[in-house]
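So, here's a batch of structures to check.
In the two complexes that follow, chain A is the common piece, with chain B as its partner first and chain C second.
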Partner chain A sequence: MKSNKKKEAKKTRRFFSVFGIPYAVFLILFIIIPILIIVYYAFTENGQFSISAAASFFTSWAKWKVLLISMFVALQTTIICLLIGYPLAYFLANKKFNKNTVLVTLFIAPMWINFVLRTGATRDLLTWIGVKGGRMPYFATLVGMVYNYLPFVILPLYSTMLKLDKSLMEAASDLGANPFQVFIKALAPQTIPGIVSATLMTFMPTMSSYVISDVLSENMITLFGNYINTEFGLGSWNTASFMAMIMLLIVGISLFINLKFNKDKEGGRTQLW
Partner chain B sequence: MKKNNILVLSSIAILLGASAFTFALSNTSKVKKVASASTPDVGEYTSINVVNCADYIYIKDVENGYEEEDLVDQFVDYAENNPNSPFYGKHVSVSYSTSDTPESMYNEVKTGKTRIDLICPSDYMIQKMLGEGMLEEIDRDFVPNYRDYCSPTISSFLDNIEATLPSGEVKKLEDYCVGYMWGTLGILFNPTFNNYKIEIENADQLSEEELEAAKEEQIIFDLRHYSALWDKQYDGTISIKNSIRDTLAVVDMKHHEEQLLSFREDYVNGLIDKDEYNSRINEIFNLYSNPADSDKEYKFDSGTREAIYKELIELKGNIFGLEVDSGKNDIVTGKIGINLAWSGDAVYAMSQAYDYDETTLYYSVPEEGANIWFDGWVMPKNNNRTADQKLLAQEFLNFISDPENAKKNMDYIGYTSFIAGEDILGLIREWYDYRTSEMYTTHVYTDTDEKGKEVEVEEEVTILVKDGEEYRELDYSDFLTDSHNDALDDEELMYEFDDELYNVLNEDETHKTYADLTIVDSDDSELFEVDLSYFFDGTLPTDKYQASDMIFYAEDYYVDCDDEHPDGLAVGGDFYCQYPDEETIIRCCIMQDFGENNKYILELWEDFKSGEFPTWAIILFIAEVLAAAGVAIYFVSKRKISKNQRKKRKLEAKNS
Partner chain C sequence: MEKENCIISLQGVSKIFDGQTVVDNISLDITKGEFVTILGPSGCGKTMTLRMIAGFEIPSEGKILLNGEDITKIPPYKRPINTVFQRYALFPYLDVYDNVAFGLKLKKIPVPQVDKKGNPILDKNGEQVIKMKHLSPKDIDQKVARALRIVDLEELEDRDISTLSGGQQQRVAIARAIVNEPEILLLDEPLGALDLKMRKEMQLELKDMHKKLGITFIYVTHDQEEALTMSDTIVVMKGGNIEQVGSPMDIYNEPRNAYVANFIGESNIYGGTMTAKLKVRFLNHVFDCVDDFPVNEKVDVVVRPEDVILTKIEGKKDQKDICQGVITEKIFKGVHFEYLVEVGKSEITVQDTRNREIGDIVKIDIEPDNIHIMKVDLTVNTFLDAWIDKENRVRISEQPFDVDVTQLLPNSTLDEEGYLIAANGKKYDLNDADVIAEVGLSNIEIIDGYDNGQCNGVIVSIIYKGDHYQIMVRTDEEEEFVVDTMYSWNENDLVSISIKPEDIKLTIKGDIAKYEVQ
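Right after this comes the complex of A and B.
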């Protein structure tokens, strides 16, 4: 009887695996093959093996500067988003403050409108209140980035906060911990998976985004994504591909870090990805 | 859980299918196949692939008043059904697609799998392609319309460009390229923009209106030079091009302002002729193409690089921003007051700004000199092209070089065509010549509409003039001083409406406007005499047109603010954008391909674009990284300590 059940399960699994085919096709066509093409262009020049693209990246201060500036902008965006998003997610998840989910919807709503449209509107708004993007490129870019990525921070934090074990916090305060200690010892550790996935959802896309910084800083700030785009536009495919590969490498490293945090926390499936 | 999986997977499958479908759809709409009705047999079926920029050819657009078929369709129709066409009675097809930039066009030719028969990149890219031996010759005898109607002055710009093949052989561009559209790169500005910080002497003694006028005059005066872009008075109101070639051209001209203006003085004083003047400007303008070790006076060596970079950084500190296509809208909506603009965009912005809030914008081709650019058709080399296909491609070029079709293109795109000739002359008159508006008057009458309500209707009618006993329509020549028609003074001007003749100058309820027919007769300084004979010479039938027919009378050709420079004012309206006068053309140069300097110039641009990393940002960045590292170390060490303690406790527990 038991083996029969097992067979049945296997059969069902095989049946369902058919539905995986479209995704497999998608994966190969739009993810694996493009990555291979990038790697090919990164290490060739006119069809011959060459490390000139790598050399041009590692010897150019301009390119390193762009990488550092992108990291800086990405880091600031992440920190500001977390500072705003963390308490917000806490209140949204708390039934005492948020009786229904309308507020959550309101905060997530901008995600449904295309960000290019929103960025154009943000530019108009900023110039209207007298903020010239070309004059305060960092400020304007950060405003746009935070506005754009805040929902991506709120959402994972919100879903972790929903599952908070409140008794822990009550116990902590009953045992004489002050509010700060409650936060550090009882609340924060529980939300680490949310923080990590929120960070990843913000940091990496910010580094590679280019429409927001282009439009809001009036092309005065060049982020890594802009730079790759510019290089492609100028016809230097090899350099651009090598830089895209560096980008992939950074994505890989951050995924690795994410995985590490996942392992630490049992049942860390609360994250979005 | 399983159910969810199925849902997710099937929705992915649907999405995939849908996206594949839309992809296929968008592909077909992008590559426009103009096939013949019947399936043609192999052998009598000729097809060519044409690649152009987006929105760069006449397309049917009924909403905006372009009611004829797409020009490509018209060509197919012409080639198959016109007895003059070598493909008369045969089947032809044109597959037309678009590409974004000259660089992407180059890549398409270089790496693309399909055969491209005609492609339309910019000047420097054609030169680059030619230098790499990628182009096939186009015999202009097979493109008779271009040979006969192309403006000689404009095509001479193209003819003077050469490219050297790796083998050392020198090729001339004129054998490989058929010009399409051309224009200048100048400064578009709003003289009444109120965010400038202009300082006027004795401002407190002037009334408000006088002050406004003085300011406007000052702005127009300043904007005749590139140095205005560096001027702190215009701080934060300027946007420049986010493209290497355009911005570098401007920086170069500003840096050599003194030399360029001294050449100009020599030219105005008659010390040098126009060819010498142009070639002197050209030496400075094309210094980017001269390698550091060349023996030219102006070249791209480390000294020049430093100087140009310094100017660039200084410029960056004075501007509102960099843009490639938002500038023409920003100047309309009042975000900026000054924009480095291509002439075609300037024309667009001028009409938009006027429609938006009746702002008048001006366009300046600075006195130092300017960049004249062109886009032209070339035929990339390809071994798979048959003789028939080459013939059809040449026939296509001939078709779009027909003045009548060039007129349609110009009307639709807004840029200026290489083609001159009668039709273009008529078009320019219709657009810009003041006399055109004097040939019409308005007849007003009351009519009843569908609901039986009385409405006032105004209808434009052509003015008639008495010629002997008969009446005929007014002609441009009637307005000229030397052939002045006496009938115009006799006030015997009539117009016809519903088979009845009305007197134009008779004041009654039937018409509203009166013709002012003395406009060209007197020394009326309100109108500018624009001589475009440099453009039209040799393209008009000599028995029908005289020199005076190439003179236009326009209202806002130049902006008159400076009596000291009667010859060659540098600021004008939309007519000036599209057809600059000869004095302006003389100081324009084509910017050649950078050649072996290309990679150094890319580096320069990268340095410029990567921007400054401000000190406060560096400090903040380092502090945050250190803090993050500190927290990480704290947690790791804490964990290690607690781990050790746990071990210890366990051991103790075991021992006890």
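Right after this comes the complex of A and C.
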């Protein structure tokens, strides 16, 4: 009887594992193989093993500069998004100020509009109010980035703020914390998971995005993404692949940091990553 | 005005929350160093009262004085009051030490400034310069260690909150509050989440702590046993009002009304009548008593189950001068048995250490001073703000009830148009006439479910009075109907009520002449 049951269980497992095959195929075809191809190109030249791509990256100040600028833009975008999104999410999640979810939906609605379309519209809008990409490319890019990624900051912060334990804030106040100290010591620590997700959801895509800077700065600002794109366009696949790999590494590292941050927090349902 | 050593004083405090009166004009003085328990069922306003003392809520009306100073609008962080929260509200991202040290790290104390030689630094006016400074890490260490010692958690300083048991978290919450040396410690049902044994232990420990610390404790609970065990003073609350304030002994032995008696300890409550001086009739028998009430007055009688003396008698005796009954239920409770004795139509719960059998016929004796007689709460529902609408119905809190309006004038009739015609031919238009409506307690019928009667409501309290239940139904419009009924209902049941037209007694406010149609 028992062994029968075991066999049965094994059979069902095998039966259900059939459903996994499409996912496995997808994984191999669209994720693993492309990554392997990137790594292959990054370390070969004309089919031979070579570190020339690596050498050209590490010795080129121009490439480093682009990487640093990209990181700087990403960092700036993230900080501005957080500064705008954090209080906004707080008020949206607070029943005292906002009793329905319509406002929340409105704030994250831009997420559902086609990205290229949206960026084009942003450019026209900015031009219309006098912020011409050609004249202030950096500012225009930043505005575009913040506008694009603000919903990604609001959403995770909003969902953490919904679950705020108000009694902790009361406890802090009871123990002698003034409103500012209550914020620092009782509210902010509770929202760390939200801040981390929001940061990653802004920082990583801004690092690699190039459409926004292309469109809004009228090609006057080159970010890392633009650079990789140009290199591919020029046919230097090895250099481009190596740079893509560097990008992948940076993204991987930031994901790893996120994991570290959230390790001892139970639940973790607020995380979008 | 206030008592000499009164530390906190609530003066006519009300709180209206979301349009509902949660706390209704309460006044309370609390003596320094007392252990005060605010006792009441959920929703009676006890937690709101505590939150107003803590400063989380600002009273809609009234004042709160701390040592004679008005603190009504002072924010919580400026009050020398600390709270132990119901769900502890410990900071999960801090360890035990940092949780306890939280308040200390924020605290600033005045430090007189001295120069390197130890001479006081003086300002222009020749007064010593005093700077507000944070406590030194050493001081904090000492204070935290002391607080943790008081709650028996010395070894757990470095532990994460999430690794502690409920009881340990409770202790951390207490340590976190007392470490700040508050003048008043507020405790909001702090033992609610613990199991029975832990709870009993903590009760004694809290009482001990209170003795050691010598500060005022204000404790909120719905558990009457907890209140009796720990308090110096108990404040019984109901529906936003204070029902009684007194020592545990007073409250238990001399409850002011049936509600308090019912809430504190087990009790038998009967409707009785004073038959002669110091004689009261209930359970179909006249008992001697020690409370002096006017003869023939309706009273409520409370008898504690442990005060009833049973004596077994052989065969049913038809003697009028003894009160006798039959045991119908028997439950073993460890220290004693609990019997239910049927006496005529009524029953009485009795606690007795002797083993008796179901079916035994017993004589019931109660010592005169164990019969507690209270002024009866209510014999009739009186609605002072009723009025007549144009269909000649009476509106009690806007709900229409059919009624016979001709009772307002003797020998009057109604004509086709709904005017009241007096015997002498005078015509009255009663639309909008203000009246007082009275309905007897037993004339109201409770019907299960909404919309089956004239008015909807929810059952807010049930008191068993020996042979019937006294039920309070609160309508959607916040009017309360008290009903005597044979049938058992549950608290929070949604019901409708119905009153027969002839059972509503109306009295016109003022002179009926002003409604006369010329």
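Basically, the second predicted complex is superposed on the first by the 251 of 273 C-alpha atoms of A that agree within 3 Å, B and C clash if a C-alpha of one lies under 4 Å from a C-alpha of the other, contacts with A are read in each partner's own complex, and residues count from 1 in each chain.
By our rule, contacts are C-beta pairs under 8 Å (C-beta built on N, C-alpha and C of every residue); 3 or more make two chains touch, one makes a residue touch a chain.
None of these values were measured; they are calculated from a predicted model.
Between chain B and chain C, the partner in contact with more residues of chain A is B.
Once the two complexes are overlaid on the shared chain, A:Phe72 sits against chain B while remaining clear of chain C. By the touch criterion stated above, A:Lys63 is placed in contact with chain B alone, chain C being left untouched.
When the two structures are aligned on the shared chain, A:Asn219 is found in touch with chain B, with no touch to chain C. The contact surfaces that chain B and chain C form on chain A in the two complexes do not overlap at any residue. The touching residues of chain C, counted against chain A in their complex, run 54-56, 75-77, 81-83, 85, 87, 89-91, 93, 102-103, 106-107, 162, 176-177, 180.
Those residues of chain A lying in contact with chain C across their complex are 165, 167-168, 170-178, 181-182, 185-186, 189-190, 192, 266.
Looking at the complex, you find that chain B touches chain A at residues 2, 5-6, 9-10, 12-13, 16, 101, 103-104, 106-107, 236, 239, 242, 244, 316, 319-323, 326, 335, 602-603, 606-607, 609-611, 613-614, 617, 620-621, 624-625.
Considering their complex, residues 12, 16, 19-20, 22-23, 25-26, 60, 62-63, 65-66, 68-69, 71-72, 75-76, 79, 127, 132-135, 137-138, 215, 217-222, 227, 230, 233-237 of chain A touch chain B.
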